[in-house]
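Presented sequentially are two complexes of chain A, the first with chain B as partner and the second with chain C.
On to the complex of A and B.
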């Protein structure tokens, strides 16, 4: 148990699609847990990250909590992986970057259709939004980038098994090309 | 005239077929912009009707060119030149002064519609800057007092034509003359002499002379002119075209402005000679919008040449030697200096580069064989035809015959135009222009090469350091990072956006250069810049993208100590200030609790 590789995962500003794709490795997850022990992850609902071998991040950096989680991951993980389009370049959430933050908030909480009791939330429990959405490599050093929206279960499986076995990472064409 | 009348007049001034009209689209838009200070929506509708083309396509053209606007600019539309040499002469302070004094933000028209103040890429007045354009006309040698005068004139509503004439004085500043610019040469090859030589012998014989002279393109690439003309001549077609590239957009280059101002006859003669050799009946001079003030004088020269029988039907009485030249204006797009973009722009379209091959010599303007040469190349060709290949080969090196006209600016006592035989050392050039305490020389503009002064023994020649003419001198007081940052911004602004390596790579480089300037870059970022730069060089679609990383890579490779001093010593630094990026949200929500801040992350 103790010499198992420890893996943590988190979804920052993403859609959880990359985590769903991770689950698409299907029954191979049984093989995977022979090799790895999951630390913090939405899969097991552990909330705090401990020292790990591999950290996998889905989603971009859009708010103060995303920054905090990402910095914690970098501190505790020997290898950090950007998983999917949002982690790599901000993805869909970064479409708000062509607007001012105020415009986005006003559209959502003041001027939007059907908004009742219009006000921009300011509860201290709610993480503040950054003025722009950033890819994770603009906040911490990233060791591997795994593209895709989302990367397929097979791609993730290939990546994880090769990384764990210490092999050079390479993919069959159909697993990494999206044209 | 009302808007409608102006638009109708413009439209009525050209042929009637939609195809022909479409080729004039950019010219119509330039004219409407000039007359109305923007292109109103109903003008777009009218033009789309007339030319039977979708409005979206016209919007596309307007959006492409910096000098075209869909929203009204101020009655006085001021553009300060944003070239690094203008910065070095204090243009940033003057911009601030101008904005403060007039009560405007850069790029935003004043609420009364009186004035807009903005910046533009190099206006080609680096030897007499800081410079600006007001309603398309250049004003040189800006100073505190000149800015004060300008503000007063604007507030008083004085028309630009009534402003003091000395504001608009543009000097040639020719400080060294050689083969092309010497008075003896001008006397020995009066107007028409090249064309008389052509008529006296044959087009084949004259083409041989151009080839023997070893003349190579003066726009920077150095392609052999004789070979280009021969390829074009050999390309079978019902029509051929001659195009003169006067889109002198490379920052720090201003020699074509001087040649067009004082030697336009020779330039047009070279174009006519080329037409006679390749069998073209029509030529275009593509004049950058920044040089609009040269348009009328150039048209006068053309008319004079028509009156003297040097242009038009039966040139110099020779039956069948028919050729005329039309001037097309650009509208603030550096990419249009690239010959295939220039051709697209001449056809009235967005200046997106074409795939090459086919090259313009076989499929150019309107997909017909076309010679595109630089202003200086045509001028040299005219002189060579009149005075012979030997006269020209006497100067220069075996690989680079003849002379090169250089535009020198930056930290030197005597900036201006210097003509040298090829092979001159950079050291000699620096001595002659009075450059002392030099740190580095930027050769061939933003897309060129940055040489430390230790390399000043190198020569200006195609086989060593090649340039279309731009030489910018930086002394030891200057921070070269300012230059690299200026160029990085320039390329982001000027990328046409067509290919990803240039569009995205340029933006990434700009951000990383800023990170370096702000002292937050690490070795990791240096490696990143090198990788992005190499990718841009290897994979961009045209020359703009393949050269856009040069200033960054030259800085990293040739000035490692400068970079080292600037690096942060941690292993990694975020690309932006984490806590500052919450400021907007703090302002909106009024929060200032601990959770509304991101603490030190090191």
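On to the complex of A and C.
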């Protein structure tokens, strides 16, 4: 068991679509678990990342907790992978970068349609938002990028099998899209 | 006797006529040199630099460099492809190119050329500039977030439509597309959806209204085949050679 490749995954400021796409490898996941063991991941609900061979990050960096998780992943993972549009360029959440953070909060919690008891949430349990949403390569060194919104199950499968087998990473044309 | 003149592009002989640029001759021969600001219907511009090739040891833009007999043109060396990828990465981070939220995605030439050069990440730090959207015109919307300053709309409006609706203002990194109307809004200009300028944008900056996401994912222009096979998106606009694709 111990010689299995350890893989951790996390969703930062994403929609979990990339994780859904990982599950879209369907029955190939049975082949995958012969080769890998999952460390921290939403799939198994382990909360803390240990030393891993591969760390896969979905989502961009939008709040203080995202920064913390990302730094932990970089510290513990030999190879760090940016999975999907948000991790690579901020994606849809980064469209808030066209506005001031205050404007976004006011639109959602003060001026929004149907808002009752308008107030900007300010609980210590809620991670503080960053002024802008950032791609993860602006915070840590990233070893591989898998574009797509989300990358397809086939793209993820191609990547993981090539990486695990130590082959050069390359994709068929249809497997790389930015959307 | 009229001797056929040729130059060599990646080791293949390409015929050319007097007055051809390297790009003209390559396009005619069906050899693909990546490009964004070039459209064979308009005077070459040489500004996006994506068509850089190495000629006899120096770098030139293929769309402006006159073809000459015996030239050795390198269009596919690792160094040239790397440089093109860097140029594309800079174009991506300078604007706000959120492909998942763009109607042009899948039929966008910036995207297609980036796929062709194997760009997997933007590499650089994003500028996230503050730019606006102009939806004032009834038939056409302009999203300045996606403009790459290729000036094809400027050239089309000036040279074909004779309206001068578009121009660039500012210098260097502050250069922006601007609209010639009293309010600066497209709706107040003489622009019409039937203008040539409405059908030349290689990205999702100038978009027709009322027909977003007509093509399902998987069926779009660059979904299955690379731009080197499919060609420029402008060629598929109404009235052009590829009109009627599915």
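The rule is short, and it goes like this: the second predicted complex is superposed on the first by the 176 of 179 C-alpha atoms of A that agree within 3 Å, B and C clash if a C-alpha of one lies under 4 Å from a C-alpha of the other, contacts with A are read in each partner's own complex, and residues count from 1 in each chain.
Heads up, the rule we're going with is that contacts are C-beta pairs under 8 Å (C-beta built on N, C-alpha and C of every residue); 3 or more make two chains touch, one makes a residue touch a chain.
Computed from a predicted model, the values in this text were never measured in an experiment.
Enquirer: Given the superposition on chain A, are chain B and chain C in a clash or a fit?
Expert: Chain B and chain C clash in the superposed model.
Enquirer: Just checking: does A:34 make contact with chain B only, chain C only, both, or neither of them? Give me first, second, both or neither.
Expert: In the superposition, A:34 touches no partner, neither chain B nor chain C.
Enquirer: Using the superposition on chain A described above, determine whether A:68 touches chain B (first), chain C (second), both, or neither.
Expert: first
Enquirer: Is A:117 contacted by the first partner chain B, the second partner chain C, both or neither?
Expert: A:117 contacts neither chain B nor chain C.
Enquirer: Once chain A of both complexes is superposed, is A:88 in touch with chain B (first), chain C (second), both, or neither?
Expert: It touches chain C, and chain B stays clear.
Enquirer: In the superposed arrangement, does A:132 touch chain B (first), chain C (second), both or neither?
Expert: both
Enquirer: Can you pull the chain A residues that chain B and chain C both touch?
Expert: Shared contact residues on chain A (touching chain B in one complex, chain C in the other): 132, 134, 138.
Enquirer: Show which residues of chain A lie in contact with chain C when the two form their complex.
Expert: Where chain A meets chain C, its residues are 82, 85, 88-92, 94-95, 97-98, 132, 134-135, 137-138, 142, 144-147, 149, 173-174, 176-179.
Enquirer: Taking the complex as given, what residues does chain B use to touch chain A?
Expert: 524, 571-572, 574-576, 578, 581-586, 588-591, 593, 595-598, 601
Enquirer: Would you pull the chain A residues touching chain B in the complex into a rising list?
Expert: 64, 67-68, 71, 100-102, 105, 120-122, 124, 127-132, 134, 138-141
Enquirer: Provide the residue numbers of chain C that touch chain A in the complex, in ascending order.
Expert: So the residues of chain C in touch with chain A come to 92, 96-102, 105-106, 111, 114-115, 120-123, 125-126, 128, 130-131, 145, 217, 223-226.
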